[in-house]
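Next up, some structures in structure tokens.
One chain, chain A, links the two complexes that follow: it is found with chain B in the first and with chain C in the second.
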Partner chain A sequence: MEPYLKVTSIEKTFGAVRALDNVNLLASRGECIAILGENGAGKTTLASVLIGLYQPDSGQIELDGSKISVTSPAAAIEHGIGMIHQHFSLFGAMTAEENILIGLPGEKRGAAARARIRQLCDDFDFTVDFNVPVASMAVGMKQRVEILKALFRDVSILILDEPTSVLAPTEVAPFLQGVRKLVANGCLVFFISHKLDEIREIADRVMIMRHGRVEGILPVATTPMTQMSALMMGQDASGQPAEKTEIKETRLDTVLAPKALVVSDVSLTAPSGAEILKDVDFTLHAGEILGIVGIDGNGQTELSEVITGLKRQTSGRILLGDKEISNSTITERISDGVGFVPEDRHAEGLVLSLSVEENFAFRSVGEDKFMSGRLISRRAISKIAEEAVKVYDIRPSNPKLNASALSGGNQQKIVLAREVARARNLLVVVQPTKGLDVGATQFVQDQIRAVAQSGVGVLYISTELEHVLEISHRVAVMAFGRISGIVDPQNTTLQDIGLLMTASPEEKL
Partner chain B sequence: MNSLTMQRRVAIALLLALTVGGFLILIDGHNPFAAYKVLFFESFLDYWGFSNTLVKASPMLLAGLAVIIPMRAGVFNIGGEGQIYIGGLFGAIFALALPDLPGVLGVPLIFLSAAIGGAFWAAIPAYLKAYRGTNEVIVTLLMNFIAIHIVSYAVAGPLLAEGAPYPYSDEVSEAYRLPILMPRSDAHAGIVIGLAMAIILYFWLRFMPSGFQLDLVGRNARAAAYAGVDEKKTIIRAMLIGGSLAGMAGAIEVIGLKYRLFHLFSDGYGYDGIVVAFLAALNPIVAPLTALFLAGLSAGAGTMQRAVGVDSSVIEVVEGLVVVFVAAALVAPRNVSKSFLKTLLSQGLNSRSEHSEKKEA
Partner chain C sequence: MFDLVLLGDVLAGTARLGTPIAFAALGGVIAERGGLYNIGLEGQILAGALGAAAGSFATGSALIGLGCGVICGLISGLFLGYMSIRLRINQLVGGIALNLLLAGLTAFLSRQIFGAQAGGARVEGFTQIHVPLLSDIPVLGPSLFSQDPLFYLLIGMAILAWYWLMKTPKGLDLRAVGENPKAADLAGVPVFRMQYLAIAVSGALAALAGGHLVLSQVYVFAEGMSAGKGFIALAAIILGRWSPLGAVCAALFFGFCDAVQFKLQFTSPEVPYQLFLILPYLASLIALVLLATKASAPAGVGRPYDREHR
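Let's turn to the complex of A and B:
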């Protein structure tokens, strides 16, 4: 078969960094190619070159036998190349339809266009609420709007950048189903992911990248997962399983451990009257990791914000150990030793325009360790940051660089290092491994385990079910702002958890 | 913050603005090099010219700081001009009401009351912005006109000096007049006050938690909230500081230069402050340099017109170009939220066009 897309000798450097090093690729329509690689391996850079966000230093792209130059995302769309980014580009104040039709000439935005959007939704089994602005949608729905936007523009090549990292477990299967339909309709789909099982399920071939180079393009069906991860990590395959066996751990006797956090009958009502949290009640013990799972948007994020002081509960009490913190400010909770890794590291966890070292200090700049007398000690900040950069192997290892210059995984390490250092009593982490590769995920989880072992209570909120089950001593399931059940991950099936996640508030469980 | 890259970018932007301005001078039929040379010599190397530059630089510097501090908290204070007027009014009222205090006591109190006046004028848009979500650009801008007319009313009515042929107040007593730095010239000590403020604010933003936290709000308001910083209070605080600084600029004009409260006493210094702030890449410690530069442009423009025949309005164009290029240069490295920068950029342009409209009127 004639290749539809031919990428030849693409090179791209940023300063001293070779982001893409002689990348070659042949791909046909109607196939799904997974792109696998660690953070910073060049996956996103390659995608950005294909959609015209970056211009390659050298090399060429041929589409359907003729050479093309993709100078901008608009040019990419004209060539039928679209991309769904990890961070969406939607207008929050607009509805789904307005977002999908934006930028199109007026005559293409009429009733026919609207009907076609709904048709696309039906074809790919996408549920989208057309009556609300995008800002009030859950992440999964926003992603569907993004995909619809590309589909509406008749893309023949669709690049998905870690599409499932934002989805609830229950949304993944339908999403993959939709991707399969795209492929069956002759689309060429690039699926950037770290999740080997997903790649196995969806992709025809897997392209493995490392340090900007293509380590191999292999058929998925005949390549063992161990070989994939070995190529990705640059280790021989035998090194991998050894790490995995360390994960098993003795279970914690929670009854004997002192209480780290007591959340009692906490409710949160939105100004609109919607019950976001309803009578949330649980106890977290010192040294325990309590996982909180649920379909995205069922109150998990708000629960983390109420516990850490970013939002105030409408009713109910929160105790940190024996101390009541129901009405404490964020700053008070910070000094009480509450660490918080928020869901969105770009928007919340970091100040990207500040240096790495300032990012270590910004959340509690008045603390003694950052001060000398009444003044901020830049030297103390540098010292603390340098140490953390070393311990956490944050790269590039220059703490004077802006945080924006680091890859997602390294940015997350900054947030984690900072909050772990602070968490004397409680660590609340939300989606801590979102968008991280296998190695970084392992690292983050190891750190969180270590914190728990040192006697800190950890609240681990995530939609990545396997991770939560693997790391947690107990798992609380949230549905519709309530805790619908707390289960033992060792003795619970995924079906049971699935049932609890969708348990309607009327049912007593 | 990668300030080195930023300052390099600003320098390039400045060169671009001067180059485009040079082409305009060329189109006007004159030699741009000769024109710029005269401009430079007359504003910085000539005794009288330099004194004139200093006189203009003092209020420009304070007005620039009055833009920088709110902007670092993410609020665009276009209201420097109005805050200068109200500050001048408050300062003058104090000076005229209590004319017999000793200078060491009177002058600080005049500055204090001017600062209170400016802060009061800034508090209104600050409250509306923080607690009502009103766009501060519009409110501060429109309040400028109110302030200008309040001063015009005051000096034409209650404060009008006896027998004055023109709307101005009585003279302030000699004890309250700022010392002159360069003998026989108008160059007064106002620049020293501006310099002191620039240094204090630089240290505050960099080395004190409250200053650092103010900066956080402008860089990433959500991250600031996550760090326990109250965005609303910070906006109010930043605007109060900005208003105080502009108010002090008003006092400098009254007790440093004119010794009376005149109507229309500030010739757009509040707007010049925006250019000063942009050009300094919002860094207070750089603001004295950019204020001097801008004051030099403005002070030399007249001489340039006389000596080379270039219309002095070219300099206004250059000032406008500086804003455009510097704003463009700041977009990439600061990389705050995109929408904030877009607003910043477009508002910067709008304010300049308002400015020139106002000057024409």
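Let's turn to the complex of A and C:
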């Protein structure tokens, strides 16, 4: 049988970066192909070519035996190719229906269309609230709206870009169930993911990419996980399981260690009167990693912003060691040795249009190590950046490139390298491994452990529960702007933490 | 002092002085809702004015003149669109460049067309239309229902623009483009086509403002006759909260302030007239401050959309 989709010798370069290098692929309807690869391996770039966001430099795409050119996302829709992006493409102020129908010809937006949306919901067992704007939906429901949008456009090829990375643990299983149903209905599904266990569960074949090339397309059932990760990581790391560092065993004696950070009764009230933080109270010791978990939007981000000075608390005190920093400016906190890896590295962590080395230097450009006399020393900046690029294995390894030319994982390494260097007393990290592959995650966590071991207090805020439990000495759970409990990750079950995460303010534990 | 005759005069002045600002503001709203700043409104008013004057001068028909003006506006709008959408030039810079270009170009062309005689050539214009019955209403009648046809066109266009933008699928698509062009693109909205459409319509509406200046007010083309109306229109867009009807109301409010200050100049000759000239601008500042909340500019306005941007 002729394959439904045939991709031949696709090439795509961005400046000096070869994002796709002779990519070939054959796929049929009714199968699920996982795309596995490190950050920057070209997975999302390939997807963007298929849906017409990027125009390939060369190569061709055939659909059902005939050559097609996908010049725009609208053309991709016409050919039945759809994609759910990692960051959703929804309009927050509009309802689910408006979001699904937008862009369609006017005559396709009537009552019949509305009926069909509900029919699709029934067919796939999707629960969607049609009466509220999308902005007020939970992430899982937003994702279902995105999928409905694709289904309504009659996609035969659906690309899912790390679809489960945004979901709560409980939302994953129903989501995978929905994907299975799509495949059973004859859809060709591409499932971009880092998570080997999910790939095992859902995919028929796995396509492994590395440095823009396809390293292999293998049947999932007969390929051992070790082989997958070996292909993904390249020859030199073949079969080597990620090393676990020793620190987990060495329990920290928190009573004896000096205090790095004391947050006492901190509250934050929004101008609207909503209580975003309510009496948050904890102590972080030097050398300790305190994990903070909670369902997204329960005050974790705001807490990090209050501690680093981006927001001012309504009441309460913050002490860095013995020094009160409740009303210090951001600059003062930085010079007191506070490092901050923000959640959104694009908007807050980096200036994408500056070079990698400039990103290393900026915000601390006045420090002696970057200066020669009263002027900025480009040479010193280059030297420091080159070292960091080497130590952190940032690729491509040219610090003169714009930060925007790097993949997400490598961008995160820039931020981390800079902030670790700055954190003499306290390091606040928010979602440091979000969207990173296995290797990069391991690397980031090792760096954070090393920082803690050198005597810095680390506040590790994340929604990726497994990572937090693995790295933290203690874990604080946030719910509705309060700390609903602080637990020992060694002696706590996921169920306990789940209960604390959803603890309503009245039944504070 | 404020008798009914005076009130009627001020209302009539409001409509007359507010109409060009309102046309330009309406054009600005359409462009910004599609994600493009149209800073070139000022120049497009001049282009429309020159086109209207030339067309009317050549044919003797005000209507054909208006058509010529609109075509000039469309072309200048598309030119700005090419700079903003295709070349992705900074939209403020592109708009200012267009203003400078059109200020010079219209001055040059007007001398070519009308000769160098002082005051330019007088052209055919529109006459006032008296709406039957309504124009007999005391005070309101003569001031609001005995206006030139372009005032009524403005009201029609404002309602049409509101209906199209807020009630039709295509209007929703345009608003989506202005909020988040990438998401709109991924949903299949032809982003670039919608933006070209918006900026062309925007230029045409600004040109109608110029047409009003020439064909309904002074019947000649004069260099720099837009006199900042395109910039006041930009303020009216913000004051009107990016809504077509709101922007038109805000523009008419500016017209009202202008009409009041004209009257004050006549009634109080002992006060330096420059003080009164401040009034419309002062009023707009105060209004902007008083009505300032988290105003909702379209989220994507001013940022060129690049599909391959990473």
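Just so we're on the same page, the second predicted complex is superposed on the first by the 393 of 509 C-alpha atoms of A that agree within 3 Å, B and C clash if a C-alpha of one lies under 4 Å from a C-alpha of the other, contacts with A are read in each partner's own complex, and residues count from 1 in each chain.
The criterion applied here is as follows: contacts are C-beta pairs under 8 Å (C-beta built on N, C-alpha and C of every residue); 3 or more make two chains touch, one makes a residue touch a chain.
Predicted model, so just to flag it, every value in this text is computed and none were measured.
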Per the contact definition in the header, classify A:Phe14: touching chain B only (first), chain C only (second), both, or neither. second
May I ask you to decide whether A:Ser404 touches chain B, chain C, both, or neither, giving the answer as first, second, both or neither? both
Please work out whether A:Leu319 is in contact with chain B alone, chain C alone, both, or neither, and reply first, second, both or neither. neither
Would you check which partner chain A:Leu375 touches, where first means chain B only, second means chain C only, and both and neither mean what they say? first
Examine A:Leu499 and indicate which partner it touches, taking first as chain B and second as chain C; both and neither are also allowed. neither
I'd like to know which partner A:Ala113 touches here: chain B for first, chain C for second, both or neither. neither
Of the partners chain B and chain C, which touch A:Ile334 in the superposed model: first, second, both, neither? first
Kindly list the residues of chain A that each of chain B and chain C touches, one partner per complex. 404
Considering only the defined contacts, which chain B positions touch chain A in the complex? 1-2, 206-209, 212-213, 216, 219-220, 222-223, 225-228, 334-336
Which residues of chain A touch chain C in their complex? 14, 51, 53-55, 72-74, 77, 83, 85, 89-91, 93, 98-99, 101-106, 109, 149, 153, 404-405
Given the complex, residues on chain A that touch chain B span 309-310, 329-331, 334, 340, 342, 347-355, 362-366, 371, 374-376, 378, 402, 404
Residue numbers on chain C that touch chain A, as the complex places them: 168-170, 172-173, 176, 179-180, 182-190, 307-308, 310
